[in-house]
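Labels run A, B, C, D, E and F following the written order; every chain starts at residue 1.
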Amino acid sequence: MDFVGKKMLVVSAHPGDLLWRCSGAVAKHVQLCGEVQAIVLTYGVGGEANELIEAGMTVQEAKEERTRALKKAGDILGISNLELWDLNDYRFEITQDKTYKLAKYLRICKPDIILTHHGKDILNPDHGVILDYVNMAMEVAGGKGIEIEGTVPGFKRAPIFCFEPHNAESNGFVPTLFVDITDVIQKKIDAMATFELKKSLAASYLERASYRAVNARSFGRGKCKYAEAYAAVYPVAQDGYFVY
Amino acid sequence: MDFVGKKMLVVSAHPGDLLWRCSGAVAKHVQLCGEVQAIVLTYGVGGEANELIEAGMTVQEAKEERTRALKKAGDILGISNLELWDLNDYRFEITQDKTYKLAKYLRICKPDIILTHHGKDILNPDHGVILDYVNMAMEVAGGKGIEIEGTVPGFKRAPIFCFEPHNAESNGFVPTLFVDITDVIQKKIDAMATFELKKSLAASYLERASYRAVNARSFGRGKCKYAEAYAAVYPVAQDGYFVY
Amino acid sequence: MDFVGKKMLVVSAHPGDLLWRCSGAVAKHVQLCGEVQAIVLTYGVGGEANELIEAGMTVQEAKEERTRALKKAGDILGISNLELWDLNDYRFEITQDKTYKLAKYLRICKPDIILTHHGKDILNPDHGVILDYVNMAMEVAGGKGIEIEGTVPGFKRAPIFCFEPHNAESNGFVPTLFVDITDVIQKKIDAMATFELKKSLAASYLERASYRAVNARSFGRGKCKYAEAYAAVYPVAQDGYFVY
Amino acid sequence: MDFVGKKMLVVSAHPGDLLWRCSGAVAKHVQLCGEVQAIVLTYGVGGEANELIEAGMTVQEAKEERTRALKKAGDILGISNLELWDLNDYRFEITQDKTYKLAKYLRICKPDIILTHHGKDILNPDHGVILDYVNMAMEVAGGKGIEIEGTVPGFKRAPIFCFEPHNAESNGFVPTLFVDITDVIQKKIDAMATFELKKSLAASYLERASYRAVNARSFGRGKCKYAEAYAAVYPVAQDGYFVY
Amino acid sequence: MDFVGKKMLVVSAHPGDLLWRCSGAVAKHVQLCGEVQAIVLTYGVGGEANELIEAGMTVQEAKEERTRALKKAGDILGISNLELWDLNDYRFEITQDKTYKLAKYLRICKPDIILTHHGKDILNPDHGVILDYVNMAMEVAGGKGIEIEGTVPGFKRAPIFCFEPHNAESNGFVPTLFVDITDVIQKKIDAMATFELKKSLAASYLERASYRAVNARSFGRGKCKYAEAYAAVYPVAQDGYFVY
Amino acid sequence: MDFVGKKMLVVSAHPGDLLWRCSGAVAKHVQLCGEVQAIVLTYGVGGEANELIEAGMTVQEAKEERTRALKKAGDILGISNLELWDLNDYRFEITQDKTYKLAKYLRICKPDIILTHHGKDILNPDHGVILDYVNMAMEVAGGKGIEIEGTVPGFKRAPIFCFEPHNAESNGFVPTLFVDITDVIQKKIDAMATFELKKSLAASYLERASYRAVNARSFGRGKCKYAEAYAAVYPVAQDGYFVY
């Protein structure tokens, strides 16, 4: 498929998810001449930012630090629009307001492909609700009878791919597709490095990329050294023929 | 993906399976300048040919009629090599001999993609064992230490796509990919028509193709009128990026 | 089982669902001398009525048109009480108020059998929550300690059967029962025809009924020409013996 | 459904399975004026008869004791034809000969309903293969092109219901139907008592019948005191309407 | 593993759940010199207390009777702290307030192991949401950036074990562990007896304990006479080696 | 649990499986004063030894090299009895002879715990049948009525734990238990190094052990640096209480 000019939208629960889980695919999408936008739903100060709180920051300081680091990572990856929505983590609850807010974004952005969380994460329930949230917002965006200020009703559903949770098998995550990120691995490494106090987590996700490349090679991508695993929410249909 | 010169191998339990279940994809592969070979493992005289037996044919006459019709269908579809192996249906049992026979074919044919049955069909157990048979033969074909006369050891695994059984949901068949066969639907109709006494079955599979197009349109293939449903056995990896 | 005088309650998310998904069973229930009541939870103006909005109607006009058409369909099918609740689609959220409203209806109606949506529809999340909504309302209706004005506490659970979503396999829908609607197919056709701008959808559901008859014949209903597929939520127990 | 004159065929791996797992349904079928035939595939001397071997019997004596007890149980239950096939347990392997032997029986018996084992029993692999065996034999029996001495080719598939294995959940057994055996519980008790050295096992299956009645009552069979649990292999279709 | 001084926390939807589903494990934990605390989220007056309402009590009287009986049962079992939270059953909805209330309890209690409901109960939807509620509260409790009055931020996740719902297989409950309660069965019997009008339910759960012992013996606990079944939410990891 | 003097039996399809998949647990078992025996069913010359064939060895030379390396690895790990059975890989077929051969071994060895393959490996069907083979052999070993020369009839089932296949999620492998191998990681490294031409595979399994430690830490094993993942075939019952 040709991705020149195609828009990818990433919707992540917390700032770090964008980096650990899909920054390789983001960088590759830019390399393939596509455009990437990202919405980070919360600052993750409830839990993801534990290391900043432990280092003595206030919640407000942690938000500022995350903003700084994430903007830097966005620049490294080539994300054209990155928004931090401050919707409150721990616990992220789907509401009508939040749904319409994302639906509005979808109608304006018109993404061709969406990356977001898998529907289950037993050690991080916030992650598990995001897929429902995105899916519901797509439904609302598509409704011709639904008025949202500043938008024209209607939206063509984009295919959703879920990036992997921390403990894949325990969350029923089964990869249906591997993205080869060998060529852009340095960008992933650099992006992850912007979270300066999470070095060991960054190392473990580099190792994960190497493990996912073992899978990718098993299934025919012979020279892959680093990969990210994804699970498609919908069957393949737009292409119209076999892909493997 | 580019399919020019790529080899597709179909392995079907009975002659009719080739027509009802995947003749659209076969015709499309030829249209895309690929090559198609097909192995029909049995004559289906145990059960698939019931209508011929009921019409008064002997088992031997039924075999001849199936050969005649299938060759004609193969010509319509553009299959370059079509073999009828007479391995005995009802019941098809996996044996060492049969496994090596297919492994030999695989080493010589070197297919890039394989179409075969889904791993479960509660109303036709013969269908349900073919996937294991093909998978085992691929393993044997790939073994460097395994000698089969007339072949060089080694084989690069080809991705397998399963076509759909008669009662999809009751057999746990979940389509992961829809092939748009709108452009080649006439070839499928003509190929199915070679089985002259199975007109109502042919009609029901045309209807099925129309139903599968409803699915394909739902998932983004807007103008599809006829489709075939497939389930990939392996995750997507060779392509290296998102496909949908 | 004898259905004379037995009450069927249909709970559908949007007006059209009542027609595409279960109008055959509704008509047959009436034919079997049972009574049918139906609650349509929303007008579907968020999305199901897209074709009316596109044709230039306001949301209010669309609601009136749906009311008109649905009442006509209800008459064709012989529904004794049909209510349109206007509970807001896209997104349908379960609340205490809505739960008690349905619980009240249940206590008064005392249905013997309930038809509603399957618990998952990835392209229409509204559909996916209705089963939980109905189930929760049954629980509330059954509570002896729960006062709802105008009702006597208590309710005997009715068996729930889910009609099929748009893309069955992709939503994990597995039919456990086929209702033969051959004798009442004209009523289904006429009921669907009341939605005058949805002719192609009606055609596709007629085709679906034909496909479901293929399934029904496979499993022993020899002369079935049209069928609807359902998934039972509870195991069979009231009957006390084998049924097939 | 009306079971007068309807033939039930039970196919069990070992003699005791007939008693513990489905003797209630057998007795009820006779009570409903149906006919029951039973094939016990092996004497169970590999393992089921451990208590006889421990009591000092030879394998041959154990076979005779089982024959005696089982015939007595068959008389209590009203089984019209009971055959012990001596096909070797531990390990029961499906072969062409065995498949044709059962296919022949099926063509002559023409059962309307079949009871047999569930497809998985991790503590007794012999149980787990019987469903495949029965299913394969039905396929062979149905083949118009398959000659078996003394039979006319052809067979109309009968619905299969699986009785429950020893540890239901660990084997993926999910009941889809409960048979109320309250009225015939004494026959089940008496039949189980013919295995004189298995008193505690008989007691545990009586307790199981009481537990299954808890399930049956939950799902609407209000006065049930004893039940047996079954899982249907096929969806309900012959009946043509809802059953619950 | 050594349970001396280890804290078990039980979170149950209704008072009776604590008795029927896990009182054996509770009594055994005390016997092993551990400490048990229990939170009963609602009085169960919506439905569990139906027999009290039917006997003529008001809702308030039913609450008092449940408090009396449950305190008595808690004493029998040796529970060190038992709280009845009155959070409203039928329908139990997860809210921010309730989540923080439990999170606060968790931070103060610091349990080593948690027992609660399985995530699905089709006949009692209230049961099905408690696992999500507990899991979410653990997430909130663990967040270093989340202030809850009277607590120090942070919490080390405790392993969760789900006790069994009323109809195990119909709710997808698969036991992963059996607790042998033979030595403490009298305490379970006495605790259940405090609900004086639920004698037959108590009898059925005693029978269930006997059935679960059949399972436990099958899997190697030779002398077990009574057991309770549990499903672990997380894999075994703390122990660091095989357990069986 | 106490493992002093407890016997572990490993049954692996090919020589390398013993090293990549469970050598950490083997070394730890020895460290815990248990005894380990291992049966390697085939030399793996069909496929696992591809690198030796490519390096110019004959099949016979490859067998000798594997024997040499494996014996060395066995010494490093402290395996007390290691047998190479030469049962033919690619394709490994379960037969009566092979089943009785393993049953005989089981009766004599009397293992307390068994490690073997997971029941599915789509890229290596040989792996997928071993679990059935082991389970069947246990059944045969346990039969009091089954004579095998040189043995006393009877066998107490040992719990089975499956080590992980190459592509876990694609094969439905879900870890239920993590063994912490941090203390014995050097032995695993040294054992893997005996296969001198498989350095990169050894490196990838070291990386896998590090990834599995991420899982183990997530689930409460705080200081784990290397782990192996296992899936229990049976529920936990022997222990009689909670383990986590």
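Here is the rule we use: a contact is a pair of C-beta atoms (placed from the backbone, for glycine too) under 8 Å apart; a residue touches a chain by one contact, two chains touch by 3 or more.
Bear in mind that the values here come from a model prediction, so they are computed numbers and not experimental data.
The chains that touch both subunit B and subunit F are A, D. Under the contact definition, subunit D and subunit F share the contacting chains B, E.
Residues touching across the subunit A-subunit B interface largely coincide between the two copies, over half of the numbers being common to both. Relative orientation of subunit A and subunit F, expressed as the C-alpha superposition rotation angle, is 180° to the nearest 5. Using CA-based centroids throughout, the chain positioned farthest away from subunit D is A.
Looking across A-F, A-B or D-F, the pair that copies the B-F interface, with over half of its contact pairs the same by residue number, is D-F. Relative to the C-alpha centre of subunit C, the farthest chain centre belongs to F.
The distance from the centre of subunit C to the centre of subunit F, with each centre set as the mean of the Cα atoms, comes to 53 Å.
Averaging Cα coordinates per chain places subunit A and subunit C 37 Å apart.
Chain contacts: subunit F has residues 123, 157, 170, 175, 215, 218-219, 234-235 touching two or more partner chains. Chains touching one another, given as pairs, are A-B, A-C, A-E, A-F, B-C, B-D, B-F, C-D, C-E, D-E, D-F, E-F. Looking at the complex, you find that subunit A touches subunit B at residues 1, 3, 25, 28, 32, 113, 156-157, 159, 161, 175-180, 215-221, 224, 227, 230, 232, 234-244. Subunit A meets subunit E in the complex at residues 45-47, 49-50, 53-54, 59, 62, 90-91, 93, 122-126, 170. Those residues of subunit F lying in contact with subunit A across their complex are 123, 166-170, 173-175, 204, 207-208, 210-211, 214-215, 218-219.
On the subunit B side of its complex with subunit F, the touching residues are 96, 99, 132, 135-136, 139-140, 142-146, 153, 157, 233-235.
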